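Below is one structure, written out as structure tokens, with a few remarks after it.
Each chain carries a letter (A, B, C and D) given by its place in the written order, and its residues are counted from 1.
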Amino acid sequence: MGKIFKFHNDLDTDQIIASQYLLLPTIEEMKVHTFESLDPEFPQKAVPGDFVVGGENFGCGSSREQAPAVLKALGIQAVVAKSFARIFYRNAINIGLPVIVCKDLPDAVESGDEMELSLTDGVAKAGGKEFVCTKLPEYMQQILSQGGLIASLNKEVQ
Amino acid sequence: MEQFTGRVWVLGDDIDTDIIIPTEYLALKTIEEMKKYGFSPLRPELAAQIGKGDILVAGKNFGCGSSREQAPEVVKALGIRCVIAKSFARIFFRNAINNGLLLIEQPDLYDEIKEGDTITVTVNQDVDYQGKRYPIASLPENLVEIITAGGLVKAMRRRNGLED
Amino acid sequence: MGQTIIEKIIARNIGAASVKPGDIVTVNVDRVMLDDIMMPFIVNKFQEMGFKEVWDPDKVVLIYDHLVPASQQDDTRHYRIGDEFAARHGLTHVHRSDGICHQLMTEAGYVKPGDVVFGTDSHTTTYGCVGAFSTGIGYTEMAAILGTGQLWVKVPETIRVVIDGTLPEGVMSKDIILRLIGDLGADGATYRALEFGGQTVEQMSIASRMTMANMAIEAGAKCAAFIPDEKTAQYCGIQLSGFQAGLRGDADASYVKTLTYRAEDFLPVMACPSQVDKIRNVSELAGTVIDQVFIGSCTNGRLEDLQAAAAVLKGKQVAPFVKLIVTPASRKVYLEALECGALQTLMDAGAIITHPGCGLCCGRTGGILCDGERVVATNNRNFLGRMGTSKVEIYLASPVTAAACAVAGKIVDGVQV
Amino acid sequence: MGMTIAEKIIARAAGVKAVRAGDIHTVNLDRMMSNDGTTHLTVDMYYNKLKNPRIADVKKMVFIVDHNVPSDSAKTAGSQKKMRDFAREHGIDFWEGKGVCHQIMMEHYVCPGELIFGADSHTCTYGALGAFGTGVGCTDLLYGMVTGTSWVLVPETVKFNLTGSLPEGVYPRDLMLTIIGQIGANGVNYQVMEFTGEGAKTLSVNDRMVLCNLAVEAGAKTAIFEADEIALEYLRERGREPKAVFKSDEDAVYAKEYTFDLSEVVPVAAKPDFVDAVVPAREVCGVHIDEAFLGSCNNGRIDELRVGAAIVKGRKVAEHVRFLVVPASQEVYRQAMEEGLIQIFMESGAIVMNPNCSVCWGSCQGVIGENEVLISTGTRNFKGRAGHPSSKVYLGSAATVAASAVKGEICTADML
């Protein structure tokens, strides 16, 4: 169970984490600036287990992996959107942040709503309703279940 | 004669204005925002340690470098009652006077004082440190005028009929 | 009794036959320079003081240079406040991206020999290069001048510096002023004027004199003074008046001391971290590995500096993994350096050429460094934290030395390269 | 069944005869580019997260410092030092302050037929030379650096058939913004834009770079042109050889086809805060501006500098406007000097900066403040992209930007 933070269509990576913070030494120093232009209180309000919900084309824009990384560092359980921009999508999976495509859920929920997500069933529950999500291709599920690309790389080495 | 007692922080020779407040912070909107970066290149923790009424003691050429008036303003905003140094750089000196920050030249105190000790200053007379008295000179008359007017801004306000 | 240059300027300004050191007098200001970084503070104080009008808008020059180009979101607020003030008070001398204030004040003809000039920047001493009395002040005093056109000054004692002879090859006026600061100490000229004379100085370009006047403040000086000569007249685009032509120290003028140097004795030197008066011969420092070189600033960002650097770098390459940043002092300098090919030579050698401005020297952008990095720079200060963290080591040097170091990737004597 | 250029490149990189859209393949990467936006994180992960840190082939790696150069803070400098030290220690090609990464890559590395990963979204630019370049994050980059390989989901290809030629005063940037405006910011998400047709042949490599560069703004994984004689000539001039020259097969499968008549394109602008909010430039004329920017990996090459210089020649930049001119690379800057363009810009009152990402990336030089308005040839106009969250960015062609800088408000070149 986590609360929802809902954002608009075409939510770009500059809004998730602005350029001026990308060269800070660590993700930990960056994460306090997450969603600064839209909701400066977000890093304080979000608690581990919460969800980010977007519309179409979530995470469009730059390839900055800092975008999914700050969300993960803040403990965001998963991002659910109608569709994702591809680099964000790939980056999220690579670092082990679940990104879930669900066409119906975003319009049915609001910020502050409670939500539950089962990754294995591909089902989200919010406002007493169930939403079926698009399942990840198996290859990506594998990366995710290993905890991201680096974890899989370290496994290969062994 | 005005007299006050305070805890002492000791800094070295040639404490420049970039140390007092680095350029990076000069464009912040207020002195209040700037003051936490006071002395940060040299002693990042100092700004938080300084308390109201504390006294800075330094070596020669305190305030050398740029004309940034933010420097004396930051020192004053940190609560420093006065700065006692072997000598001061001139722009800093003018800027301090114009902002009503008391500066005292004293050639010997710096060599003998220990940080954390307490001193008593009698303005235009001497500094008392553990019973030993270190004489200090009087300020020139024209500077006394500015200080007694309450700083240059007040003097100008009076000139413009905004204050008695 | 005779008078020094500065005494003559002040006496003439206040309509007195003579003044002497220690006198406190009120001068009528001929020109003021306001810079972007101080502008919000100046305007605040001006309003707080209750002034409604600027005493003489034609005498005010507003220059944006420290924050150009803007590197932080709030920087453009300074331009806006400046623009609003200029519009309200009818200021016409506004430079928004033309280069460093001190370069523009002299180059654009705002300062003439014998003028009394104040600026909200400590390197306002620079205008001594054309025989003006100029010095840096804080924003509160600047606000008072904007309202009244006047300021009190204490007539300074003067230290005379006489240099005769011809400088060795590869030695620049920067090496002279650094040596002098080393000899005097960082406070050796506090509250005093530095007056320069001798054959070597007479032979110097205005640009070389500017380098020395610029750094007078680093010895604590209130101001610097060079005798206005034909070169000065040409540079300022004027004919010297009788008063201006007479701006030289009288034989019986009273100097607090006189320092005499033989030009042949100067060597390439550097100011070592982190004091401007910690002067060493370059040869003593040879081999010290560096990360970056900066050629620019109001001290050494002029055409002759860029040409000197280009002469060293011609046909060579900056050492791998070393950054050479070149920042011309003004738009005019940039265009002249482009015209004569110096910029092209520098770029071909691998230099990063930035837009004219204060750049790295004021520590806001233009190549800030981090812990453990070492930079050789042609500007005027090597204070702790001036170009990044307090663990950055800054070595101040002439453009020739700096260029040679860029090629070698370590400190070397420019003459030997 | 036939394959598209993109599919052929992936098949070659995967060492298989054929691939089709939707397949996931492990591919050998021909080259990887990483810039100062993320390399410090890559280096941290390399040292701290890997059990067996190694580099498959240093010759495939290129590191480029272009975003905040010269650095604007000690923290930036620290991140860049990490990158510089790593490149030095491992013998990786390293460029600092020499230009925007994609321009450097095009000038010195990219070859037709290559599969290139770049830790920057505009890596899709390389399609101008018939290479498959795509943007990835720093973890992907690290994986590629360690193993020399990566995984690729074969994308569908969408065909953009270009006909006619651009009218006078209309530029490739107008064309690409028009296309994005029509298909939307996710119009080709996860797909490849293949530009083809007679109209494509009228475009130079520079022009093609403008188109491919912005493909990501429509969500594309990459964009690509066939490496024709124009591309091969560009390559020859720089002494490089193609890896492989591919053409799409007659019977290749396209997810969709569009046709754009170049002769019908007009000057356009993208309004804040979305790249697909495209309108004819005339509709935004009169908007007061504070800053104008001519530069970026999209529009900072010699062609655009020529266009801008021709407009400002003999004119002055409006007093209240900061007109930033930022050549895309030292090579471009140097040529612009030779051609007298830099002199024209400097005499007009422009701010000519060293090659870098500048205000297109909004964190280093030329940042705009509260409520300020920028007209830009950069890649994006997202909210706050160029500085303060309340500021606004309009995107337009070099001609529109230069004309607006002179006028002090948005206008097209013919309105001066």
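Following the convention adopted for this analysis, a contact is a pair of C-beta atoms (placed from the backbone, for glycine too) under 8 Å apart; a residue touches a chain by one contact, two chains touch by 3 or more.
Remember, it's a predicted structure, so these values are computed and weren't measured experimentally.
A.B. asks: Counting only Cα atoms for the centres, state how far chain A is from chain C in Å.
C.D. replies: 53
A.B. asks: Would you kindly tell me how far, in whole Å, the mean C-alpha position of chain C lies from that of chain B?
C.D. replies: Using C-alpha averages as centres, the distance is 27 Å.
A.B. asks: Could you say which residues in chain A touch two or more other chains, in rising order?
C.D. replies: In chain A, the residues touching two or more other chains are 20.
A.B. asks: Counting only residues that touch at least two other chains, what does the list for chain B look like?
C.D. replies: Residues 24.
A.B. asks: What parts of chain C, by residue number, touch at least two of the other chains?
C.D. replies: 72-75, 77, 364, 389
A.B. asks: Based on the touch definition given at the start, go ahead and assign the chain network to line, ring, star, complete or other.
C.D. replies: Topology of the interface graph: linear, an open chain of contacts.
A.B. asks: Throw together a list of every chain pair that touches.
C.D. replies: Result for touching pairs of chains: A-D, B-C, C-D.
A.B. asks: Hey, which residues of chain A end up touching chain D in the complex?
C.D. replies: Per the stated touch rule, the residues are 10, 12, 14-15, 18-20, 22-27, 36-38, 56-57, 60-66, 68-69, 83, 85-87, 90-91, 94-95, 137, 139, 148-150, 153-154, 157-158.
A.B. asks: Report the residues of chain C in contact with chain D in the complex, numbered from low to high.
C.D. replies: Touching chain D: residues 68-77, 80, 83, 96-97, 291, 320-321, 323, 325, 331, 334-335, 338-339, 343-344, 347-348, 352-355, 360, 364-373, 388-389, 392 of chain C.
A.B. asks: Any idea which chain C residues touch chain B in the complex?
C.D. replies: Answer in residue numbers: 24, 37-38, 40-41, 45, 48-51, 66-67, 72, 74-75, 77-78, 119-122, 124, 135-141, 143-144, 147-148, 152, 154, 186-187, 190-191, 218, 220, 222, 275, 362-364, 381, 383-386, 389-390.
A.B. asks: Quick check on the complex: what are the chain D residues that touch chain C?
C.D. replies: Answer in residue numbers: 69-78, 81, 84, 87-88, 94, 96-97, 290, 319-320, 322, 324, 330, 333-334, 337, 342-343, 346-347, 349, 351-354, 364-370, 372, 387-388.
A.B. asks: Can you list the residues on chain D that touch chain A in the complex?
C.D. replies: On the chain D side, the touching residues are 24, 36-38, 40-41, 44-45, 49-52, 67-68, 75-76, 78-80, 118-121, 123, 135-140, 142-143, 146-147, 151, 153, 185-186, 189-190, 216-217, 219, 221, 274, 276, 361-363, 367, 380, 382-385, 389.
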